[in-house]
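There are structures below to look over.
In the two complexes that follow, subunit A is the common piece, with subunit B as its partner first and subunit C second.
Our next item is the complex of A and B:
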């Protein structure tokens, strides 16, 4: 591709355009991800230092319209039932927009706690699916709300321990295969709870470093294809384990940059795709940008790898953990 | 991430809006609340999806649980299988009206196959099986589903759940042959290697496998033959390590096996191995490209320690690391040769850092430093 730089301004207008295509069917078929998508877009803008490119008031109003008053959590869209993933997105968005007081903290806390099962796992909603992702959402929400004291830590950690595999990684449920995204949610949860002693850090660090392929990109499991989103899952885990330098930064930066839509052709699409030549989406845009930030790419804002939120914000909340990203380069 | 199955909208011959169907006349459709993002332009998106979700909202508002809920939720799921609120309402309805769950499962056989990557289909299935308590046909269903997508994370996790949740000997009995079939289809399938570890080591001791030493030997022998076929297969090496670590077996038991995989091809070696390769190429004349080139279909001379084919890409970084680990363990256990063992380990790590796995140079430098820390301990 030969692309050497991040096309920040193109990506900013790409994110701005996403909210405008509301007469597309695709827009409606992704309603169940709407709040998540707003968080991804906003976070990508924060990393690229264009936080104000989306209208703050509109976003807050939309977030609050997703409140499910019956359940005490947020759905992904005004008509949708509460779910723990969009509930985390809502709280992240409101914190980033400096409007955390909008939410009913006691109700959210009791909603989150109600989703914990006797095994220590968390369900995503009352439908009951369990996944270590939901454990991360629960712990991150409680931490951001300053209510970690309401969590049964023993039970929570006990379940994560059961999801740990022989290769040092973690799966989404007990018995399931190690997967880089599940490694992130488990490692970040343990980091929030100050329990990284539960992890064999050298072994897991190696498993994560092994995810890098000859073209510089990262995969999520052995013998799978590279994908830009693993730039976040793998790098954030390695940052938390203070081993991000085990990755070859230059080749990964080139890989992420080559997956920029604007670079794939002369189209002014913008955004980052899963891999070079594919269509961009907001999910890969934020995780590509987040990966670049952790690799010290010039002129990006620092990202907190534990919470996937602006580093300064997490620091101001007094929640910063002891992670290490690569130093910011200068152009 | 989310696959949009827009094409499913076109499967209906002629779409009759709910408002024109007599049995839906009693409901007033509810438009989607767009929150603050309400578009100024008139909504143009798929009428069918809009229509069905408008009527679904009316059903939910009414709190109705009935047969027609199954109809409309199936209609929406076929258009958008990730709509979790619709799945939830469907499940509540099934229970509320005491629907035939076996019929539901049959419907799901088809829907799961169509929307394999959507995790809701697997969770819905889990709920149904939890009620029906009939796990045995599931293993065959999953095996078929895996044929369409051999590494599907949710499908494998569902299989592990079935086995662990019901934990019946009859269920476990077929698992090893199943894994072997999956691995003979694709010996780089990490999901299958993981499943093997789950079945053999993480789910209790089964009849006939009480002798763990024999089991270790069986697993090592199995993995060796797979590594011989594709030496640069991280999944197989990870499995081998996992077995040794789980059973606290010394890495040194594998020294004879690992050594040829850790050696760079020298001109001498090549001529030595070419004879072996010739045997294989006559058997497998179509072998080509780097992946197939690693496949040694040839007769194995040392049955216990199958060697790589001449066309294998050597050395394998995993084999070099393995040898270095053997040296480190030996240094810790054996005072007299300890120093030379450590020096040898450091040399092996250095070869990885500078030549054979330069992408992970910093990791191998770390391993060199860790190895040199052993020196004072043995001095």
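Our next item is the complex of A and C:
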């Protein structure tokens, strides 16, 4: 495949094929990520302007079948335990499909609130692993449900402050090294809470700009390899800090496009991999496409970098924050 | 020939697919069986053993880790004495260690180890033979487990010195250690169970990691955390005792960071750390000396982006414009940032000049 353009139609059929791959062992071994994967696939389709390529009714039905009535949240798959990450995926999917009224808002709110610890951190589930990813999930869920007033903001922000490091970035717990994905979740959380004053924006902008490597790709930490998914984690953070132009867009676009799966065999094909030559997956497909959207790649839909949702939808919910992506180019 | 090759490929593909379908069938059968037992609240040893089989195949199946812990809490532990609970948890630590060696980045495995450690019981039986030594305070099982954990995680870090799961886990272990044994009360055999690390030994740990590889940013990061912690200590005790101004001077007054900068001037790890270190020590004499060191390096390596970047951050304004132009030339990917810094500088200069005009 030529790597100069985004092979939108091939990627659309790749995403359509994912739900039918039941004769692949990997499909069954990743059941614990199913709801997250549906969100990634659907979001990739939204960015590529093919939202209707998956069946709306089937998706809603599947989401609702993942409800864990004992816990009051969503698991990633029917009969799997509730966890805050698939709970966010469920709410994102239902919002994108314009079916937000399906969920039991009071129960989800109390589930989310129950996961906050006295330190201000959030656990992912009943057994208490903490991570700033879960803080983001909690704040994003409450914001999308219009229930941010139930959150102890002081405590939440206090914990994020403790996760801030000497390089301006954030880690996944107090004491942890800065990592671009954790930077995204912390910066986006602070953006939702209108508290970007907690970020050393010049310092962090510098650290983020230094994620770009000579081949155009971005890494997630100093002296690590490039990876397509960091296109989203780094660019979304930079968009929120209004410094996305600190990255060289052309070489990053080429890098993402070169990670598109080649169609050497007619059995496979489509999707974007973590880096050129590797096997594509839906996770890198959505974050590659999302990165391209923030870089103004032609003929893509606008993506809200704070919520990782369609920009128009977030605007219509009245939740849009003051971020800046690169202008949409024309072909 | 090509035709034969294609047929062979097609046959290989079919054979592979048949094997895969058989695997899928047995995996799904096992998964369904375990989930059914979970559904009916089966907390038997048989159920426990089935979760072992399933997690050995798929350690990311978080629901099954949860179920396993529920089996322990609701089925196994209530019927066990502390020694039996201890044995069960030791088995699980061995089981997850095997899993970690294959999957060093799976959150759920690390997470289950934490849970095991946090449930190691206090030994009610304080007879010497029950605890392999002298009569003690009942915490030796915990001490032994946490000591082994520290050993295990540091081994994992030898295998991958940038594994952030391992670094995080090590910080967690160090913060969660049981109290050291009462002084003078040491076990008759085996390693010391005084596990707590001093800031000095922790600093030495990061030095060792950095010297093994100057690019290990995880270790530089940890070093900043050690200083942040000793900084607080310095406020309370060391400074009052009048011994040291600030432990941060240690790094600046040793040539440690400079040595890293000289070893590979293109490696950003030491430079990011250096910038932070300088910002913590706004002593003009120190800054002057550091600028001199970087200028010497720049003379040897005229295209060193990081030398210029550091000088840009610490230099007098008239020099900065020149430095920024040079950075745009040698590091064009970030030219917009250098451009913005130049604009900022111009605005700041104009503002200062305007203020001077206004005040005269």
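Heads up, the rule we're going with is that the second predicted complex is superposed on the first by the 322 of 331 C-alpha atoms of A that agree within 3 Å, B and C clash if a C-alpha of one lies under 4 Å from a C-alpha of the other, contacts with A are read in each partner's own complex, and residues count from 1 in each chain.
Just so it is clear, contacts are C-beta pairs under 8 Å (C-beta built on N, C-alpha and C of every residue); 3 or more make two chains touch, one makes a residue touch a chain.
Keep in mind it's a predicted model, so treat the numbers as computed, not measured.
Participant: Aligned on subunit A, subunit B and subunit C: do they clash or fit?
Facilitator: clash
Participant: In the overlay, answer first, second, both or neither for which of subunit B and subunit C A:302 touches.
Facilitator: neither
Participant: Between subunit B and subunit C, which one contacts more residues of subunit A in the superposed model?
Facilitator: Tallying touched residues of subunit A, the top partner is B.
Participant: Scan A:176 for contacts with subunit B and subunit C and give back first, second, both or neither.
Facilitator: Touch partners of A:176: subunit B and subunit C.
Participant: One more residue to check, A:283. First (subunit B), second (subunit C), both or neither?
Facilitator: first
Participant: Does the superposition put A:19 against subunit B (first), subunit C (second), both, or neither?
Facilitator: In the superposition, A:19 touches subunit B alone.
Participant: Identify the partner contact of A:29: answer first if only subunit B is touched, second if only subunit C is, both if each is, neither if none is.
Facilitator: both
Participant: In the superposed arrangement, does A:61 touch subunit B (first), subunit C (second), both or neither?
Facilitator: The first partner, subunit B, only.
Participant: What residues on subunit A does subunit C touch that subunit B touches too?
Facilitator: Touching subunit B in the first complex and subunit C in the second, residues 22-25, 28-33, 75, 79-81, 83, 125-127, 129, 165-167, 171-173, 175-179, 205-206, 209-210, 212, 214, 221-224, 243, 245-246, 248, 251 of subunit A appear in both lists.
Participant: If we count contacts the way the header does, which residues on subunit A are in touch with subunit C in the complex?
Facilitator: Residues 22-25, 28-33, 75, 79-81, 83, 125-127, 129, 165-167, 171-173, 175-179, 205-207, 209-210, 212, 214, 216, 221-224, 243, 245-248, 251.
Participant: For the complex, give me every residue of subunit A touching subunit B.
Facilitator: Residues of subunit A touching subunit B: 19-20, 22-33, 57-58, 61-62, 65-66, 75, 77-81, 83, 125-129, 165-167, 171-179, 205-206, 209-210, 212, 214, 221-224, 229, 243, 245-246, 248, 251, 281, 283.
Participant: In their shared complex, at which residues does subunit C touch subunit A?
Facilitator: 17, 20-21, 23-24, 27-28, 31, 35, 38-39, 57-58, 60-63, 65-66, 69, 107, 111, 114-115, 162, 164, 167-168, 171, 215-218, 221-222, 224-225, 228, 267-269, 272-273, 276, 332-337, 340
Participant: Applying the document's contact rule, which stretches of subunit B touch subunit A when the two form their complex?
Facilitator: It is residues 1-2, 4, 6, 9, 32-37, 39, 41-46, 49-50, 53, 57, 79-80, 82-85, 87-88, 91, 119-120, 123, 126-127, 151, 153, 156-157, 160-161, 163-164, 188-191, 194-195, 197-198, 201-203, 233-235, 238, 241-242, 245-246, 359-363, 366 of subunit B that touch subunit A.
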